[in-house]
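Presented sequentially are two complexes of chain A, the first with chain B as partner and the second with chain C.
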Partner chain A sequence: MADDIKDKVKTDVPTVTFTMDGQEVTVAKGTTILEAARSIGIHIPTFCWHPKLKPVGSCRMCYVEIEKWPKLAVSCVTEATDGMIVHTESDKVKRGRRATLEFLLLNHPLDCPTCDQGGECELQNLTFEHGIDDSRFDFQKNRFTSDTDNTVFDDKRIGPEIILNRNRCILCYRCVRANKEAFGEYDLGVYERGNIAEINAAPGQQVNSPFSGNLPEICPVGALTSVDWRYKMRVWLAGKTPSICPYSSSGSNILIYTDDNKNLIRRVTSRCNDDIDDGWLSDITRYGYQIANSEERLQTPLIKKEGKQVEATWDEALEVICNRFKEITEKKGKVCIGGLISPSLDNASLYCSSKLFRTVFNNNNIDFRTDYRMLPNKPDSYFGMLCNRSFRITDIDDSDVIVVLGSDLIREHHNEYLRIRKAVNFNNARVFSLNPYSVKSADVAQAEIVYNIGTDEIILVAIGLAAIEMGLVEQGLAQGFKEKVKLGSLAEATEVCGVSSDDVKLVARALAGDGKVSVIVGELITRSHGREAVASALFNLSRLLGIDKKGQMAVLARYANSRGAEKLGLLPIPTGAQVEMLKAMWGKFPDAEPQTTDAMLALMHKEEISGGLVLGGNPIMLYPDRQFITEGLEKLDFLVACDLFESETTELADVVLPMSSWAEYEGSYVNLEGCNQVACQAIKHIGQSKPAFEIIRLIAEKIGTSLFESDEQMATEIEQLLSCEPDNATPDNFVDVLPLSEEVDPDFPIPLCICDDPHHTGALTQKAPSLTNFTGEAYIEMSPDLAARLEVSEGQPVRVESPVGKIVMPVKVSKHIDNDVVIIPRNFSQIRVTSLLMRKKRVDRVRITKVDE
Partner chain B sequence: MILTEESVRKIKEKLQQYPQPKSVILPALTVAYRQVGYVDADIYREISHIINIPTVEVAEAATFYTMFAKKPRGKYLIQVCHNISCALLGADSLIGYIEEKLGIKIGETTEDNLFTLVTVECLGSCATAPMMQINQDYYEKLTKEKVDQILEDLRSKA
Partner chain C sequence: MKEVIKAVGHVFIKMPQGLLVTLKHLFKKPVTLDYPRKKKPMMPRYRGRHYLERYDDGSERCVCCGLCAAACPADAIYMEPEEGEHGERRAKVYEINLLRCIFCGFCEEACPEEAIFLGQEYEFAADKRNSFLWTKEDMLVPHPRKDNPFKKIIRRVRKVYGVTEQ
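Presenting the complex of A and B:
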């Protein structure tokens, strides 16, 4: 906040000068007294005010005295004006605050000894600081009693992870405001008024949004408490370790609370980094830690003997790995071992893997993109270029125009969704959401364009054509753009996409304007076969409308360290600059053919790759063609899998190694904007597990090459690679857009999108009980209209068939979807949804039929 | 659906009259209240559906206003003033009398669903205290005998 204000002062906004506690202060006009005080380090107590929400002035705790004003003023909503003389600590102010506290405590149960908030309760602290030791209120206090649960404490579970105690509530409305304003959720409200006003869930609803965990965190008292943390331990006895979220690509800054005697993580809260997470955590970030504590964690290495995996020591396991890998290399030459590495691992683990494959196995058979289909096997792809662009989360805040293409934000980029909301709330940003189905996060969009699935690049072409038709671009550019597209007119393009040209014109006009622009490309594009066509269409549009000069356009990295993986060159084809750097560091670089995930799997089928290493991530569950990957891995002579848990992938492995979770060692992670952040070690290793990088180094050593002379050497090499900034290159001219269309088989008419559930990420979070409390099993999400046509209602099972697979699962009807696209989350291993997919398809299509019970 | 077609039409008409759908919450609640006699969660949901505003916003507005009844009331709503003038002239004992006579407490409804008894603040008729309002009518300068008579009349009318 302080910095914001200073910034405002710098860039010649009108200012005001006034006096506070004898000190002269100059701030931007419009700054409240409270904000001004904070910027110069004067503390004014508050309850209802929250740095990320608009002020409402409801609690009256922030009283200050302003000379010549008849009454005390609430500083959180009073703007500073020229010449004001403000006192924040006068006797009158202290009396006012004391009176406020007395009022707030009228109905408060004063049940501090049994309250979970004790030790971190703002009411307790401020009463301690300002309060009087007695109350003049000796009537019966108003008592809420819950009709369903235990009545003494009015404990009411209003959501899967939230308990409400209305008696403790001081009605600051932080929760309701955050929910509506910051998260766009309407499942919590304030009812009645006066003495009996109460916070509660909306009638008949649960407080279960993917941001619900923030509510107990911002509640200043113990009215909202988290089920997860409740009564586990007193907060002052917990160890606290700063860390980074291992699930989100924004790298939310978190604080891990531990019970050091039991070596368990107890909870995760926000460390409020304004530039990264803005103080909000998604529930995945908050509850995902539970996997580290899980009883199901792998404890020791396992070796397959006579078809059964049996416990073994590290020495035995490493011995087997070394011997088998050596054997395979001797028999088949250097291309014979492939590695699939999880992009959720820290830099050291990723870099060591790359170095192991390139310097010990001498090949380029390494990839972190296990959930992508049809990756290009050649360098210089436009998509690669698009990935190599700089992006800043905070630049979303002051963007005037935000275009989100192919991203169901609330399922993949929670923090960025909240940023976009913020830009709308505080900066009147205009948001355009372009997706093949209507998404929840489009609630902030000025226009939502739902285009026909598989026409992602055409919609971009349509925007360009609209700008040309409206005469918003100069002739020469228009000519160049038109030459590269097969479609002559806007009408033709909008028809292919099935959208209204008025909406497209709206986007075109916004992008052609002078405002600052952010264009975000999401997972629905990244993982799909259409990525190359979309990248070229986007570069053309950018050239036409000057987008890259007016702001940023980026493919958002998906996992905690996807960006790190790219920067460290954990790809079959690193950039030219990376190769140069690696050559210089290693003194060599393998000249073997680069192999992407797809290519590696194909080589496994042909038995040209016979050894495999899987480091985290459960690729069988994530790869968009279950049969293809399973058969590929089955054909291997030897597979090593390292993970936290047993999975369908480890089941196939000849050696399984237990990996430590991110909380068990210090590691650094690069977030989606390229910022390198450190997660410290919070607990000791579980069982005999080891960090991934250590496992890789041990394997290399066993084989006979030590990857590094010292830990410092490893750190320096990593640092050097990470120092490479994105080159922000664009193609020199308009490029060909090669749309990719495919025949629709009339037997399988319904398009299917595979996404994450809003409460899950990838394969691991199904081991976190709190998250499965929100969603515990797979479902197929569809529009009310489609459900009606299939004659099914919420929760009823349907049979979903594709040409290659068939599964049965319950229906979830979503009102916001309004076309025939269906969505299945991929996070639940019971339902093998990837068995419906075919890797070569751009759009998967299925047939759905009702199952008679 | 609890709301009749007629009510839905009226609510939709209101939507035309305001620039913000949010402004229609209270008029819509009034329409529903007139039809049903009370409002509750089911009605909030129906209204929220018609005017496309989250249910919680409708519920918040409805519960803020005490004059929207939240559960079914008797045919006759007896509102006895117990504010200062009426209190000085015996409102409290009058209320006690009515309670006893109808066999219900304040806020309750008789078993035959005929009468609901509530107390209210000053109805601006202090000169004729003690007084009460039943549905749309004022009954003034009350005595126990008058109350007997009034209730008797209403009962026979019902």
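Presenting the complex of A and C:
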């Protein structure tokens, strides 16, 4: 149905026909001359115009001549009309552009040699193209001097990673507009007017949004430059490699600039893919590459000898691994080895580890969901069904109603957050944010509903009940829905959730309308215990309101290759189709009991699993019960850990293998909509590190079986598995919603959410200096109200206690939070935040006390 | 008999004639120089070893923009920029491999900061390969200095490339 609407729109739009440079052009009515020119491949130079922003026409560079018009027209804001005759390269146009350039260069300093933009500067290129070699301006150039003494010229840091030079600015306002339109930030603005107008950060503020790295990239001159790229190298000397972001689940397309002499990555820029990232990168994507250059990287394999890890060669390490794994299997059987695999690895690595466990160790003890709690050990749950639904990022653009459930998008899905902003800006989409606490990314939402924590499924039920109460659904469906719900009326449900029924009715009315719908389920649901209840409630709601027919609903995959891991059968219990396919390819499939992360850890406690392989990631830091996982891994007879850095997990390992980062080998990644993208090799391997898939193949070969006859075989097998489309299955009828409620311990009253910091993701980004410039250490985020009750202010330390642990950390007061939920980022290893958590709890609750100094 | 007269003629006529040429040159000014005791002054357009200029206050003119390296047809220049203590851009590493350099002077032409000049010196002989790798410290002109021998060269370069005198 969605496609039908699109086609209708396309065919019904009135068109205009006009002539440009002798060519007949037909475009939709409302198209500007500039856009029409671009569509037929005519290049018109621009400064202020940017394909992703609304036009303002401030730079006057895009002049064209229109016959019978008295003056030159600014093509980026002039709509094409029928019968227009446009010239883009006439003498008059060239003279106009030349004059514009001359004006722009009046105050522009000639410091191209010191400017980082030199070589990729649009002003430089156009000046060269138009041959302006002399200035007629004899007076002193306007000069802004820096307020601080530690910089010469006008270079001024306006954010942790941005340097502003107001002299070079041509006032195109691209940065201010992008900040406002695309990112929803107001920390950059234009001050003063006329000749002394300047771009600057808002007084007393820093430009530090999670998208601030885009500003230097879209600046056409060198007014905004990034600290990261400052004076590193000349752009024409850098090698450029197309790649994929290893942090974002949507797989932002990036271009890696490398210094090939030194084998270092120098910077990352966008490789604008309209279907995926829309040309914007989050700072995590942009600066996260720094971990690959880090000097702390593991260089050689380490083997534990007498309690100490000592350096060893690959041969020695593989020998030890092979012998110990053989020993364990002889003693206890093959089921005794378990694997925790990072979902940020490429397809080949994931598939190889799956094949190693299933064909060589002959068991199903493999899982990639190391930060989920209480994963069920049974197949075909409703949550599994929800995960296996198709989702298209571009469909967000033309959605009319977007519902975000249990997710602060700015902390986990940056690209999707920007898409939603775009839908609001350009398509007047209505966004509803349903969260247990008031989130930052809800600033785009028409209504934000903050429900009591742990009642995620009941809020969905309440929406259904509201729709029934307002008579928006058929009687038969309403009957079916009500039967499966324990709560009788809307009032009852809203009371449990602690929300007003008017808000719920607003969402219900929007969802029941004809518009296209996107429902996004986030991490607060997927990682939690209540995911099954939420999935069943969502399927019921979808059946009731027909969400399925008029849009999409999905759980967004969280890591770079989570989706790929699901498709490659890395779950302990692959889907039926996958099992059939794997059986056909391998000739066998193990019938051992499948074990999820939780089950594996439990078996480690019982010493039934005594060999372990941790491939990438740092499960100890991310698993929501630190004590449980640490004890489990300590009890193992033999643990192999492969990672980029030494971590809590590698400390426990008997053999540590250095793994290559994503930039050091070619690998493919499946993004959250199932699109398989390739990241090319940008730099050579650091030290003796090897790609994860090679490590797995070497282990298998050492044990005595070769996983693949050739590289081609591996590629075809992966391709075959990835060709499986999501089945979009829904339950046949309304299903039982089983709400989970927990008793609140009065000693620990405050609910705690563990999230990513907006500038960090997972366990590795704390090694990137640029990202730690934004947020360097852990904090506990709370509402001003709670802070006042605790009598603490910003930056003061508090003691956070849960039944299982306690930690001390500084307070961060966030104005947007308005209830008692506190948030702690999980990305900093110096505080052991997961030691507060209990895996069996749905909602973690803590007690906070002020630390007296 | 004839041969005898011819031979005698050679000895008494041709040989003195030849010796006369030698004798003439004995009193002429010689074209060769008593190198290395004496050295030939080079023409102003001669391109010898490289110098990196300084501003009058002693700070380096070079901002490590990389244009000389880009212009170099022999790929003899390698540089790495860094941020100075006042936030200025300067060269952390600036190396010219004199074995690769063909002394074409393109670096001098390309330099927008008038930082690099080819001087008059032409003696680079050394017995180690490494000593042909000239670093920034080798090339920077001393500071403070009494006279500026590059004034003439700067004027010539400016004239050739049409830069107006400042």
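Note that in this section the second predicted complex is superposed on the first by the 838 of 853 C-alpha atoms of A that agree within 3 Å, B and C clash if a C-alpha of one lies under 4 Å from a C-alpha of the other, contacts with A are read in each partner's own complex, and residues count from 1 in each chain.
By definition in this document, contacts are C-beta pairs under 8 Å (C-beta built on N, C-alpha and C of every residue); 3 or more make two chains touch, one makes a residue touch a chain.
Nothing here was measured: the structure is a model prediction, and the numbers come from that model.
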item: Touching partner for A:Val190 - first (chain B), second (chain C), both, neither; value: first
item: First (chain B), second (chain C), both or neither touched by A:Leu237; value: second
item: Touching partner for A:Thr114 - first (chain B), second (chain C), both, neither; value: second
item: Chain B versus chain C, judged by how many residues of chain A each one touches; value: C
item: Which of chain B and chain C A:Pro203 touches, first, second, both or neither; value: first
item: Complex interface listing, chain C residues touching chain A; value: 63-67, 69-70, 80-83, 86-89, 112-113
item: Residues of chain A that touch chain B when the two form their complex; value: 186-193, 202-205
item: List of chain B residues in touch with chain A within their complex; value: 41, 44-45, 54-57, 59-60, 63-64
item: Residues of chain A that touch chain C when the two form their complex; value: 112-114, 118, 150-153, 155, 230-234, 236-237
